[in-house]
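In the two complexes that follow, subunit A is the common piece, with subunit B as its partner first and subunit C second.
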Partner chain A sequence: MSLLDVSDLEAGYETGQILFGVDFEIEEGEAVGLLGRNGAGKTTTMRAIMGADLPRIIGGSIRYRDTELLETASYDRADLGISFVPEERQLFPRLTVAENIHIAASSADDPLPAEEMFDLFPELDAMRDRHAKNMSGGEQQMLAIARALVSNPELMLLDEPCEGLAPQIVERLEDVVARINEERGVTVLIVEQNVATAMSIADRHYILDEGRLVEEVTTDRLREDDELRQTHLGV
Partner chain B sequence: MSDASEPAAAGRDRLRNALSRYRVPIGILLLVVLLRPVIAHDALLGSSYIASAMLIWMLFAAAFNLLYGYSGLLSFGHAIFLGTGIYGVAIGIRHFDLPYFVAAPIGVIVAGLIAYGIARLIVGYGEIYFAMLTLAFAEAIHFVVNADPFGLTGGADGLRSDTTPAWIESFRGRSVVQLGGGEFELYYFVALVFVIAMLALWQIVRSPFGRTLVAIRDNEELARAMGISTARYQTWAFTLSGVFSAVAGTLLVIRNSGASLENFGMMTGAEVILMSIFGGISYFFGPIAGAFSWFFAREYLTNLEMVAIPLVGTVDVGPILGYWRFFFGFLFVVVIVLSPQRGLWGFVRSIADRIRDRLAEVISE
Partner chain C sequence: MSAATLASTPDELPSVPWLIAGLALLAVVIVTLAVRPGLFISNLVGGLVYGMILMMIALGLSLILGLLGVVNFAHGALFMIGAYGAYQVVALFELPFWVALIAVPIGVGLIGVLMEVTVLRRLYGEDPLIGLLATFGIELMLEEATRAQWGGTPLSFDPPAVLRASVQVGFLEIATTRLFTAAVGAVVVVGLFLLMYRTDFGLSIRAGLQDQQMAEFLGIDIPKRFTIVFFLGTAIAGLSGVLRGAEVGMDLGMGMDFVILAFVVIVVGGLGSIFGSVVSALLIGVAVFVTPVMLRAVTTVTGLEWLYVSGIGGLMPFLVMIGVLLVRPRGLFGEEGLLE
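Let's look at the complex of A and B:
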């Protein structure tokens, strides 16, 4: 049985339907990319899984192991072992680095030691008492990932973690996320517009276009098939 | 740098760390010690008459801000909890002959239960609905108290007599506490409760519970996605805020020698909001500064009668300044325009920071 099974998901907002029957599965231990242009429905899919800033669910199901997520309160979904790195580096700006991590750890059943996060991101170690709002974009993203990881998740959802960051920081984050997947066995679902980032982390990708799943491809094929990338991703 | 200066520098650092870690308790203690003599100075009010009322309203505003400033929920109904503390004591002493130290905890507990019940009903409907629902509850409870159920509340007259604790001796407007063989001004009793309650509030704010409230206020969606039951935290924030408001009420009933219907009124709930915003809801001391300014402006402006203006002579400003709310309102607008969110306390702090930076520059040159 797959870890996450999204089937025939239809969802939208007040302004209109975004997803028109999205199907995909993720197996335990995989790293999977969810790709597509702006407005293809990537973030809506993520939010439907996590239950954050609720899109209106019209139909379908999202199963996580034996649990139907659409019938589970959003704050209970985290307890199942899912953690979320939302878009735009969302943090708790008035809390310090240490407090941001501590809060994530204290709301988890079986958290990792906070010190492990500081080993993973030595940059954060030097600024434990700094408020999150006074950090650079790259540092904030590291904190957002540390915060998601400290709850010791089975599945980590990342929504465009590298958007708007300098190339060397992007490289650093790609490396960390890949290691989280490979060394710790955390299953990763990453939403990206930046195809290169997705390819460096994930082995397999689903491509969304206008709210429909149009392709399932491996990283190798995505790299080689220029026409596919051009048609659905515009790159 | 020589070796000998290192232990001294380390000692200085440790002192500075301790000062910064305990600046809130130190500030609370300084406040109760300095408030009376400072406002009684001839250049200010010339009387310490309102010092205990100031402390009580500071506590009320700080309790209110646990909800508004720290968890982001605006309540128009906090008069409910202040009023429950006040009436709890007044009803207990007058109708049931209870000692103050029994009636006061009962009032606080009842306020806590009311707060918990209201919170369970209205948390989770979104900020604007929450605010409107607190207003509705405040109106409903005001109506009930006004209706004088079972002759308990005295209706529109309130409870004015037989509500003073046995250990309070009032003499020419001065209230003296006679407890444990000693005799002291009411202010010191108020100050003791104030310090304990404020330290408790400070502990709550910096505890994991308090930090989680800040997190929820900062980003509720993210908090929920992290597995935090935001409604549960907000319910407890509302309950604790109500409890501490009621503690302020159990003091105010002594200070005011009784309970009056206006304690449950709209204005009471509105004043605590204005004070807190004026002072700055982002800071622990913000609402305290707001309550101080409110009372100070009121007393100062209403007592000012003659102002000497060069070339013009002395002008009788008493009749104009009687409209002190107008001038305070004007001041309110100025502070909000100059320093929105951060209020007076934020304004004062940014000036202090600028002076400190400037001094540091001068010294390093």
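Let's look at the complex of A and C:
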């Protein structure tokens, strides 16, 4: 049985339907990319998995192991072992670095020690008492990943973690996320506009186009098939 | 550039008008102390105690407004029910005041929870105006229910003997009810501070204030936290009602009077700041009580009778609010953009 099984998912906003029957599965321990152009429905899919207030779910199902997520409160999904690094990070701006990490740890059943997060990101160690709003974009992203990891999740969802960051930070984060997957065995689902980042982390990818799943490809094929990338991703 | 020039930025030195205003205030205080020392000090104490009551109501209101985004107009009615509840327990059930002090806030908190679960829960995320109208409706219902239960005439009950006494502090005699109110207020504010800033529960509330959705993504049961916060906020309103009832009695207008003043306290102190509400409530409490005495002293000394404005005390909260908002629209200690 797969870890996450999204089937025939339809969802949208007041302005209109975005997802028109999305199907995909993720096995335990995998790292999977969810790719597509702007507006293809990537973030909508992520938010549907996490149970955000919006999008509104129109139909379909999202199963996590034996649990139907669409019938589970958003705050109970975290307890199942799912953690989330949202687009724009959504740190608590007026909590300190240490508090941002502690709050995620304190609401988890079996958290990792906070110190492990500071070992992973020594930059954060030096700014434990700084408010999240006073950090650079790269530091904020590290904190967002640390906050998602400290709860010791089985599945980590990352929504464009490298957007707008300097190349050397991007490289660093790619390496950390790949290690979270390989060394800790955390299953990763990553949404990226930046195909290179997705390829460096994930082994296979689902491609969304206009709210429908159009391709399932391995990283090797994605790298080699210029036409595929051009058609669906525009790169 | 030397350190001295760096330090003398305009932010750090009071400007001339501020200096003049400060000196004028100081002069008036000195004049008042010279002319009517006893009245000044006793009104100062009275103002601080009144400020403590305002503070407790404002803290509950501010907590609910910050987390739930609901302007709970019914907060005043819950304060009033706290006072009438104490009357019920002490005068009608003839139970000790201390029973009322514990049981009434819990009862009022439960009424608050009932309100939250049945009405307000449906309004989160809606236009704040809808919450305001709904709670205004609840305020009116509770007020009429109070009239039906206890009648329209003002009531009072006898507090226990220990709270009817007074203690001598220097040349000043202070009623023990006032000291008790001040002490309970201090316990509430310290307790609330410790809860919010020293516990995981408080951390989760502060996180929820900043980004509710993300707090839920981390596994925090926000709806349950809302209910607990509502209980706390309204129970504190009930507690202040009991204290106010013991000091001056109760009437049907007290809820509306105090809820409006509590809003003023929040606006002046800055939404989201416990410290701001405390400072602002004490400031406003003192302004209400001390301004008339000061003006009276000034007219006595100068002979300018027109300087004395009768009823100036009741105007002070609004004058303070206008003054603060003109200078600092987010309030004294408000965090930028909390309600935006």
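Rule of thumb we're sticking to: the second predicted complex is superposed on the first by the 234 of 235 C-alpha atoms of A that agree within 3 Å, B and C clash if a C-alpha of one lies under 4 Å from a C-alpha of the other, contacts with A are read in each partner's own complex, and residues count from 1 in each chain.
To be clear about the criterion, a residue touches a chain if its C-beta (ideal position, glycine included) is under 8 Å from a C-beta of that chain, and two chains touch if they have at least 3 such contacts.
Just so it is clear, the structure is predicted and the values come from calculations on it, not from any experiment.
Look at subunit A after the overlay: subunit B and subunit C clash there. Look at A:Gly36: by the touch rule set out above, it reaches neither subunit B nor subunit C. Contacts of A:Pro111 after superposition on the shared chain: neither subunit B nor subunit C is touched.
Judged by the touch definition given at the top, the superposed model places A:Pro55 against neither subunit B nor subunit C.
In the superposition on chain A, A:Ser151 contacts both subunit B and subunit C. Within the superposed three-chain model, A:Pro93 lies in touch with subunit B and with subunit C [touch as defined at top].
When the two complexes are overlaid on their common chain A, residue A:Gly81 makes contact with neither subunit B nor subunit C.
Overlap of the subunit B and subunit C contact sets on subunit A: residues 50-53, 74-79, 83-84, 86, 90-95, 99, 102-104, 106-108, 147, 151. Subunit A makes touch with subunit C in their complex at residues 50-53, 73-79, 83-84, 86, 90-95, 99, 102-104, 106-108, 147, 151. Only residues 50-53, 74-79, 83-84, 86, 90-95, 99-100, 102-104, 106-108, 147, 151 of subunit A touch subunit B when the two sit together in their complex. The part of subunit B that touches subunit A in the complex is made up of residues 208, 211-212, 214-215, 217-219, 221-230. Of all residues in subunit C, only 125, 200, 203-204, 206-207, 210-211, 213-222, 335 touch subunit A in the complex they form.
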